[in-house]
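Same chain, two partners: chain A is paired with chain B first, then with chain C.
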Partner chain A sequence: MRVKDGVLKYGFVGPALVFLIAFNIFPLFYNIYLSFTDAELSGGVTQLIGGRNYGVIFDDTRYGTALRTTGLFVVLAVATELILGFALALALQKPFWGKPAITTILLVPMMLSPAVMGLYWNFILNGHYGVVNQALSVFGLFQPQWLTDPDLKLFSILMIDIWMWTPFMMLIALAGLNAIPNHLYEAAAIDRASRWTVFRRITLPLCSPLLFLAVLLRTTDALKQFDLVMAVTGPNDRATQTLSALLYQVMFRGYKIGLGSSYSIVILLIVIALATIFIRYIAGIQAKQGRETA
Partner chain B sequence: MKYLRWLVIIPYFCLATLPLCWLFFTSLKTQEAAISPTASLIPSTAENIAPGDLTFSATLDAYRKLATPHTGKAHAFFHYLFNSVIIGLLSTLASVVLGTGCAYGFSRFRIAGARDWLFFILSTRFLPPLAVVVPVLMMYRVFNLPNTHLGLILLYTAFNLSLAVWLMKGFIDEIPRAYEEAALVDGYSPLQAFYKIILPHSATGMAVTAVFCLISAWNEYGFALALNNAEAVTVPVYFAGLQGNIQGIPWPQIAAGVLIFVVPIAVFTVLVRNHLLRGVTFGTIKQ
Partner chain C sequence: MPFLELQNLQKTYPDGTRAVRGIDLRVDKGEFIVLLGPSGCGKTTTLRMIAGLEDPTGGQITLDNQNVTHLPPSQRDVGFVFQFYALYPHMTVQKNIAFPLENIGTSPSEIEAAIDRVARALSIETLLDQYPRQLSGGDQQRVSLARAMVRTPDIYLMDEPLGTLDAEHRLELRAFIRRQQLSLSITAIYVTHDQEEAMSLADRIVVMDGGKIRQIGSPSEIYTHPADLFVANFVGSPGMNLLSGQIVQNGDNLTFTRPDTDIHIPIRANTAPAQVVFGMRPEFIRPANRGIPGKVILSEYLGSHGYVHVDTPIGELVMRSTDRFATGEKIHLHLNETHIRLFDPDTETALT
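This part shows the complex of A and B:
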């Protein structure tokens, strides 16, 4: 029985692990190897060139710019989504007529394909026939060139991202708010605590672990931002070139796989740092829930 | 305070839903009406409307045109939709099957280094797709997999597995062990106990997992673009590829296509709405 159990358990666990190793660990090591070569997408002879690619990264100003653009994008997007999402969750906390319908409709942008939505926002923000500028002109307001003004392009992408992902923050914040036991609010009412005190001493601290989880999830996603950039400006626009867009440009437009691989290794180091925080955090939550992981 | 609530909800609700309403209106327009510099806002059934009028004549033309190939494209929208459906469904099926088995193994058996394995599984989720796409492409070239449905199915399965394992483990952990123990006492083999006890009890979990795997495979763009630009093209890649079309971008058709494309996801999301949070937080939040 015991021996059979041993075979059985690896039969359950094995296939998934083999799959994950084939598609994650193998490519990762292959990537490290490629980053020390001058490989090209078109094939041909590949030579080991040592750390030259890494030298290029530090000389290439595009890389620093992409890093800054991505950083700016992540910070602004996640912060705005957090504030808006939390405000919405607070507004939706108490039951009222129409709440389920409103909440569900608010979630729709989250279900749409970012690549296609980026394209569709081109249509809305178009300087010539876009409905946003037409509306602004009706009110006699200034009509910005959302998609062509270098100072505005990143802002436009940011706006689309916020439109798509604020509902996500709202969803998690709502769960956090619902989990706060009612008796705490009752006790605060008896103590005649002000609204602000209740918010600062009860709502915020009890909700913050989940908000932090939401921020981590969104941050790791926003770091990969690619779909919207591709759709709105293409991968090679200085004003909006995120790390993933730069990677795409180098590897699939410039065919420089070796160089692209070394870019991706540096990006990976950043992502791994963040993912480690995230994973520790998840482990903490699970430990609190008393759920054993092993 | 009551009014403050509406002060937050109403403006946000209007701003967030306006683009969606506009999407719907655009799908009812002709190309000329859609790109007119004087936008019309109100659909009407009248045939001829003077230019510049606020109403436009609503037509289902855009939906009809989805059935015929657009200029410069080999196939009609529904061909790409079919690709998306095949790739989405099969990769979802594979992720749920492999994920459930793996989750069951970790939930019920002593496995050396289980904790580390589980966190390795979770960590694969944070890999940026573009960081592994080239090695995967090279690997695929050896096996003749680029531009095939199978290539994308395998890739999406691998990338959804982490979520599937974590979600399913949460659901299976909640099934009391006593159920299987009773079955074993009754003379079931361990495998039979899995089929007859665990599978039926984790049906909800599998449905929830399936929806989340389907959503991410359905909307995925980066891999699909890099690996599949000739055959087995999915809808996001097809639409994005219409940019720079000589005939201009067919906005009404895109709007109509987007609406058709989101229907399955919207329906499934509403069906699992009670488990939505579990899905988006890797099963760390129970509802």
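This part shows the complex of A and C:
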């Protein structure tokens, strides 16, 4: 029996569509609905309370602090990862002895679960028995309290994040570098460009769309930073409380589902706004270079 | 002292491929040299070694009294036109052309004047603000030529610059390059596998095969006096008619003949009876009332003329003709004896 094309089409797409609606679309709209209610996990009658939750958010000092913490975290983490990752990619661009092994080792941090990494680094950075401080003590150096000093906690989480995600930047930067055809470097050599000129005017601009894409992915991901905070300090430490940690605290420790939902909507809006700006920017660059827009 | 000299130039790649097996070439200032050969003959590798894009594994390159053998491209004064243009995709045409001048610290006003000059010469004034991706292949190659010509390098190196263009653009740019060459008497090495291009552009043609030079000479020397069987066959379209046979004493005269035939072609050249390869260009064969009998087996019509393949008792001969013949038609052929070329069948080199 022949199945009509239209039926077949929905047959293929259907299952994915059902999952998408059940686990993405429906929760999103239900979340929006909840953010306008006073729903609590502890029960009681849920009532629509209009925009009052959003008012609460902007009056809450924790929100401002979490926003600053998140912003600082995103900027420092992504910028450092970009610079280190690109530098590593440049170092790995040309073939040399041992390159495959080194590349593989460099990619290991990225392949491990963030939660496991958080626990692992808890041991490494522990003030009393951690490897880092033991090493410092051998040389008689000052031993910082990486995980308990309020001034250092965020820095420690930042370091772990950089350690984990620099390989990701490196990988994408390498893809970008490899996509630059060799004859352009040859043309530049004929045109007597210095190494710095080649980097500044050939390598960097041709690599930049992919670098921006990597920054976009890392930024949206870092904005949601939660697992490392959770594993290293817990969700309710003012020095490290990111927006996601605050959301978790409100929703799952305070059981305030309605308020928590409005927090998540705010985070979502920030992510969407940033992503839109980045995507427009990348499209702009590509249009300028006369490439097909992605 | 030649302007450019290649001495026993060699290139063996790490995988053992011997791309260039010892090349000697002397180029005078203002000469337009074409490296001609089939793909894989080492002509592009030779060019890239002159540019500094490949490091020779043997021999020496001298340019303008300086040993440049192992110098990077930036320390030689060369312009290079790539087969696939190699334009910077993120720069406008203007920026592409300006790039080589900016790198040597030319002032902005001079750069502007220079761009203006080459853009006019190559009729790309209207394209200056566009990006390479927006241009046709022909226009991209114009820009590439402009980028090479905006600076006045010691020598221009061109790697099949017209190879990817359509026929119309190819002829147009070929004429442009020839005019530039004549008016500015630039020194250039030009690589191509297209013999027509080589003939029309070159002061001297270097025919290469298997990483070696087969013959160096003016286009007419190469065409009329090929040094060996490879050149005789490769140059000319179709190539020279080549028949192996022997020269025998026939009374007072020497004649060329083949076994199992009583056809004898008189040989006037000062030679002795021997095994030879007999060669004649298709245009020196014409239909006649008497002569070598044959049957037309294929007739190629090309407009102004045609090529007629004729089966004769001494072998298949291709004749250039303005007359048209039907397949199967019985005709007689006359061979112009002053244009006979003889080759040694063992060394494959020319005897006359």
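Here is the rule we go by: the second predicted complex is superposed on the first by the 271 of 294 C-alpha atoms of A that agree within 3 Å, B and C clash if a C-alpha of one lies under 4 Å from a C-alpha of the other, contacts with A are read in each partner's own complex, and residues count from 1 in each chain.
Please note the rule applied: a residue touches a chain if its C-beta (ideal position, glycine included) is under 8 Å from a C-beta of that chain, and two chains touch if they have at least 3 such contacts.
Quantities reported herein were computed from a predicted structural model and do not represent experimental measurements.
With chain A as the common reference for superposition, the partners chain B and chain C occupy compatible, non-clashing space. Contacts of A:Ile190 after superposition on the shared chain: chain C is touched, whereas chain B is not. A count of residues in chain A touched by chain B and by chain C gives the higher number to B.
Applying the stated contact rule after C-alpha superposition, one finds that A:Lys9 touches chain B and leaves chain C untouched. Of the two partner chains, chain B is the only one that A:Ser264 touches; chain C does not reach it.
Residue contacts after overlaying the shared chain place A:Ile49 against neither chain B nor chain C. When both complexes are overlaid on chain A, the residue A:Ile202 reaches chain C alone and has no touch with chain B. After the superposition on chain A, the angle chain B-chain A-chain C between C-alpha centres rounds to 90°, nearest 10.
Of the two partner chains placed by superposition, only chain B is touched by A:Lys224; chain C is not. By the touch criterion defined above, A:Leu147 lies against neither chain B nor chain C after alignment on the C-alpha atoms of chain A. Per the superposed model, the minimal spacing between any CA atom of chain B and any CA atom of chain C is 15 Å. According to the touch criterion, the shared surface of chain A, contacted by chain B in one complex and chain C in the other, consists of residues 289, 291.
Here chain B touches chain A in the complex through residues 1, 4-6, 8-9, 12-13, 16-17, 19-20, 22-23, 26, 34-39, 98-99, 101-102, 104-106, 108-111, 114-115, 117-124, 126-136, 138-139, 154-155, 157-159, 161-162, 165, 170, 173, 190-191, 215, 218-219, 221-222, 225-226, 235-237, 239-240, 242-243, 249, 251, 254-255, 258, 261-262, 265-266, 269-270, 273, 276-277, 280-282, 284-287, going by the rule given at the top. Against chain A, the residues of chain C that register as touching in their complex are 51-53, 72-74, 78-80, 82, 84, 86-91, 99-100, 103-104, 131-134, 147-148.
Across the complex, chain A meets chain C through its residues 181, 183-184, 186-194, 197, 201-202, 205-206, 288-291. By the touch rule above, chain A contacts chain B in their complex via residues 4-5, 8-13, 15-17, 19-20, 22-24, 26-28, 30-31, 34, 41, 84, 87-88, 90-92, 94, 96, 102, 104-109, 111-124, 128-129, 131, 134, 163, 166-168, 171-172, 175, 195, 210, 213-214, 217, 220, 223-224, 226-227, 230-231, 243-244, 247-248, 251-252, 257, 260-261, 264-265, 267-268, 271-272, 274-275, 278-279, 282-283, 285-286, 289, 291, 293-294.
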